[in-house]
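Consider the two complexes below, in which chain A is the common component and chain B and chain C are the respective partners.
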Partner chain A sequence: MATVASTITAPGADVHRTPLIRVTLVWVLTALVLFPVLAILGLLMRAQQGGYLQSTPPEVFYAIMTLHGLGMVGLWFVAGMAVISVLLANYVKPTTAVSWIAYGATLAGVVLLLAATLIGRLGVGWYFLYPLPFHSGGTWPPWATASLFAALAIMGVGWTVWSADLLFAIARRYRLSHALGWHYLSGATTPDVPPIIIISTVSFIGVLAGLVAAVVILVLVALEQFGSGFTNDALLIKNLTFYFGHMVVNITMYFGVAMVYEVLPAYTGRPWKTNTLVVLAWNLVLFLVMFAYLHHLYMDFAQPRWLQVTGQLSSYLISVPAAVVTIFSTLVLIYGSTMRWRLPSVMLFLGVMGWAIGGVAAVIDSTVAVNTRFHNTLWVPAHFHTYFVMGVMLMILGTVFHLVTDLSKVPERSALTKTIVGTVGLGGYGFLLMFYLAGVASVPRRYAVYPAEVAVGTTFAKVSLIFIAVLLVGALVYIWETGRRCLKAFSS
Partner chain B sequence: MPITAFVVFVISSAIILLVFGVVARSTNAHRDVNYARANRLRLLFFVSLGAILLIFLALTLPDLPYPVEASAPERIVLATGKQYAWSLTEGTSPTLDNWDTAFSPTINVPTGAVVEFRVTTLDVNHGFSLYGPDRHLKAQTQAMPGYVNRLRVVFDQPGTYTVLCLEFCGMAHHRMRGVVEVR
Partner chain C sequence: MPQSLFIVKRMAALLVAACAITSLRAQSADPRDAPPNEERLLNTTVPDIPLTTVSGARATLSQIAHGRPLLLAFVFTRCSGVCSPFLTSWRSADRAIAHGRYLRLALSFDPRDTSTDMFTLARHHALDDNDDWTFAVGDPSDVRRLADATGFWWAWDETRQQFDHPAMLAGIRDGRLVRLLVGGSITSARLDELVREVSGEFVRSYPLPGRVSFRCVRYDPATGRTTLDWGFALLLIPIAATGIGTLVMFAAGARVRGKE
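And then the complex of A and B:
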């Protein structure tokens, strides 16, 4: 195995990857189209909260909010899956046809979601907390709810098959115990298993565990809707919903981190090998991620107290392997190296930094005593936008640029790199700061209009518009630069 | 508390920025990594981080907001959510059948008394939150179908406290409100 792999033409490349690269490029191009559209929806929401677009009815705001949330979570999950699959192809053989099936299922789901939100005005939020989809108050018709669940079912099937295929691809080369790196714990160093295999294995197991919860939710909801006299337990459904949602978002993050492990060595010139610490860290993550979701239910006082304490404990503990192993090792990998500072390496570096900063904000909010003041205020979108926009998004987009530059052979322009990094950095952290300050000021999240008690939220929303505009400029320059490389790579 | 949390966040972020900045600058001059020293530093980081988290756990876990059975509240308020209003009553709470005649959006409570809000909902999930006269969030709990969440609050300061919904519940979520007058 190459010690510094990570490029699409790395030693060990096989002809089977060409069709996989093509479907991955289709995924990337689709993501590049959807991303700015969904980001503009976010801009429109902040504009309405800032006192503009006053003629827009609140139900339109909430429908857009639902589309923005579901769209962004789904978009970065599938983008992460697509990029990971092509990186995994350095070591194993994913099935190209399965990626196409997942693509078709995702497109079908997107069409259904667009219809539900834009035509049906379905406004339920990205985690559609039961039983809200069935209590529209006359805002959206029953077909919009049916459309939502149909979309989730179709995409769920596609993503399950996709995750299972990638897991099987790993299993065809590595035994599960090797893929999880357990042999390193007993002192063995063979077979040599690259970190991306271990992280991906953990992630796909996590995806499948999360999707099981989603299936249970769908079955329970269907039983209530079509059964006679069956009523669901709201607390049980809430636990399942947040278990699923937290898992999907965290796994997307882990995809980004796996990319850092795989791609960054190509720029530092130093290999990033698996060792006992890496194995311990990621196996611990696989265990703890099953319980960290509990911090979403702190304000559900009916939840048993020991589960609330478990939530804080696991949320604190899960930060340790991330900080002590991945983030610390990233810094050691770079320290004093002959680092080639190019757009991909800068984005990966900043992505890890954003992950760390967002992680601190998340750990603070995962403290029960603090959560009483921050739960469902704008502190929540503040922290998850930090590790999404300035974390995983930078990691995935950095890796995408790395791949398409390698495939298209179009050289990078340093002036544009500086423009992208400068605008995304300034715009990103500026718009996040407005979220944080509003959270400290107790401004609720998910309000189309701020009542007098929290009117200060209007000012924060107005200022954030400037930063979002700056962020969008950087994003559009990136999309232009990456899109043309993508098209060239696709046509060659 | 939110200010303290923000200060902790800003200081932590500044340290992260500083460390990442130092590491980025270090690539100006190539040097080999002393892995033995790096591992000692990692161990120190691990111990420090572990200690900080343990201290935070020890400081914050005694502050759990969940009521204990040992003491009885001085006043009990039944807080019932329904798209898109809060009912605040004593004695009996409204139902779906008598909502229009039985619900009350306002309640009076005495300053300094231990008030227990028994929070539930007749339809979807809501978030019961109390905003003080200073317009800051004082306390909250969720309202879940089929459950009663008990939230205990001592109002030290008299004034008008507003109840807002903090769990997205539909089209008029932002207009759902109630009033607690503390005298």
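And then the complex of A and C:
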């Protein structure tokens, strides 16, 4: 059974962690319930694109697409936050009540989103790009749009308070210069700051910036809706929307990476110490992540050219400190070690590799010259599903399994580990391959039904159904194994 | 009542009110209060209806266009309102456009109009012997189909004994609607954009001056230059607010450490 490295206190050892572990287990159980439901929505979308479910109207496809997208982005963000908070509790003291408040706000937001999409048939996509929510053409009622923005406002408040509390927990123990590891740059090695503190500090600052952008969007939209003669600039709102959306998704990945830094040493038997390279890398990330979102606006001709250049440079450069440093450090950590290949370590390792593969696809797409061809093709969902499904999701699920196995003392079964890794690996990459091939064939994204010009998309969608089914089998076995450990840990 | 419950109730009431106001705003909209919705019509296939020109010739829309881009306006000869000033404005703006670049078609939507009436209208505007311009009538049901495809509408006003209708130009290329230009007055700059777009060029769209607040950038259609506007400063709020917030948070953290 997995044990924790010397840098990590065993879960449950610290008195103040026990209530935090409890709320984290509630977060995990909720995520384990929501994940297959949202994944099945994805399956239904691919089924409709594959020519099945012919009687389903396209607006249902778009409503499902909205719920699937917003749901998955939100789900893995909160799951990442919850797991990070319990790992951070080894070093600092987050407030358990704040995690409960965030949980309540998230549940309220989920209910509003379910109503907006499943009842109201809101079909704006996960980025709800202005002014689309206000121009439904009769497809969804105005209350569905109001419900979406209310959900964003409620969840936004909950997540802002949560992020601020976790950052403040770090601030109560470390100076800002220490939390960002600047003293390592001058050659000092004390105080010893673990990588998770540096990555979390960078991540929470980023999250808060993204959430402030969301507040600006909500204020501008509210002013337009309830003001008189006020019309928003679509380009400004698009900039703010992708600042928020890209930041949340990017930071979710960094949560996963922080977990790798914290948990993988427990399986390699080597500590993962902070050094100058790690500090430089993550401080550069803090700077570059503020501008990387600009690659979402390459097709906006009104965006000044220097911003487009900044977008491409940031997207290229950010892959060096965050991805390359982490990927090579992971390989160095494992190489020649007495690695114990258990489910958590395999998932963490595969997560890093999935992040690398998805990252390369993302960098390709963030090249302006390539983006003019790949923009809005299935290449885009291909790359973001790669670093989400086969990247951060594996990192978070691996860490969750590590935690609940430790807490429940239920030993890992080798056969089930192989089943989960085999089915998730085969199903995941098979399903992604169909996206990539369709992208290369110029099949557009967000089409409920493919016209004759891109009918090949139908075939790719049909084949992907087989792989999604395999992936779901693996996911369900994982959920069963983790869920019962979770319940046992919760009851004890 | 506990404070938290009071706040929750107030927030719920606010949410319900917001939904109600949004719904009422949507319900009060009369299609005739708004110009034809270009977004919903772009790239629509336009029916290739048969027409009768002022010379009495019968030909379909595509035969008249003969492969050229087409600008279409709906008018009626008994119009005492916008039709004549609109045609005058179009003709005036059109002087800067090269001969033969596109076909100009004025089509009557009034079933009472004959080809003779349309000839009189053409002669009134000194366009009766201009090859670039075609004045025509059509079967009422065909004209209705064409109007529906281009977003044009009309309604009989009993009081004024006139048709109520918008003034608009529909740009058509290869049988599909490319762009609409709505309004009684046509400037040469707007017409030039429309002709370029209907000819297959990429023409930037931009908001009308004074209509949009907090603009990121300002675009000058005359020079094609883009400059930053005040709205761009709003993009800096997240970075500035978070930077200040982080410094305040760590200062407060230092104070807590000091007390401990």
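Simple rule for what comes next: the second predicted complex is superposed on the first by the 478 of 492 C-alpha atoms of A that agree within 3 Å, B and C clash if a C-alpha of one lies under 4 Å from a C-alpha of the other, contacts with A are read in each partner's own complex, and residues count from 1 in each chain.
As a convention for this text, a residue touches a chain if its C-beta (ideal position, glycine included) is under 8 Å from a C-beta of that chain, and two chains touch if they have at least 3 such contacts.
This structure is a prediction, so every number in the text was calculated from the model and none was measured.
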Determine, for the superposed arrangement built on chain A, whether chain B and chain C clash or fit. clash
By residue count, which of the two partners contacts chain A more extensively, chain B or chain C? B
With both complexes overlaid on chain A, does A:236 touch chain B (first), chain C (second), both or neither? second
Based on the superposed arrangement, let me know which partner A:442 touches: chain B (first), chain C (second), both, or neither? first
Would you sort A:164 into first (chain B), second (chain C), both or neither based on which partner it touches? second
Which partner chains sit in contact with A:212 here, chain B, chain C, both or neither? Use first/second/both/neither. second
For A:135, is the partner it touches chain B (first), chain C (second), both, or none of the two (neither)? both
According to the stated criteria, A:287 is in contact with first (chain B), second (chain C), both, or neither; which is it? neither
Would you check which partner chain A:62 touches, where first means chain B only, second means chain C only, and both and neither mean what they say? first
Which of the two partners, first being chain B and second being chain C, lies in contact with A:353: first, second, both, or neither? first
In the superposed arrangement, which partner chain does A:302 touch: chain B (first), chain C (second), both, or neither? both
Just one of 7-15, 25-33, 61-69 or 79-87 in chain B hits chain C in the overlay; which is it? 79-87
Intersection of chain A residues contacting chain B with those contacting chain C? 135, 137, 231, 233, 235, 301-302
For chain C, which residues count as touching chain A in their complex? 15, 18-19, 21-23, 25-26, 39-40, 204, 206-207, 211-217, 219, 226, 228, 231-232, 234-235, 237-239, 241-242, 245-247, 249-250, 252-254, 256-257
Within the complex, chain A is touched by chain B residues 1-3, 5-6, 8-9, 12-13, 16-17, 19-20, 23-24, 26-27, 29-33, 35, 38, 42, 45-46, 49-50, 53, 56-57, 60-61, 63-67, 83-84, 123-125, 127, 129, 131, 135-137, 139-142, 144-151, 162, 164, 166-175, 177
Which residues of chain A touch chain B in their complex? 58-59, 62, 123-125, 129, 131-132, 135-137, 139, 231, 233-235, 238, 270, 299-302, 305, 308-309, 312-313, 316-317, 319-320, 323-324, 328, 331-332, 334-339, 341, 349, 353, 356-357, 360-361, 363-364, 367-370, 372-377, 379, 436, 439-442, 444, 446-451, 453-454, 456
Would you tell me which residues of chain A are touching chain C in their complex? 135, 137, 141-143, 145-147, 150, 164, 167-168, 170-176, 179, 205, 208-210, 212-213, 216, 220, 225-226, 230-233, 235-236, 239-240, 243, 290, 301-304
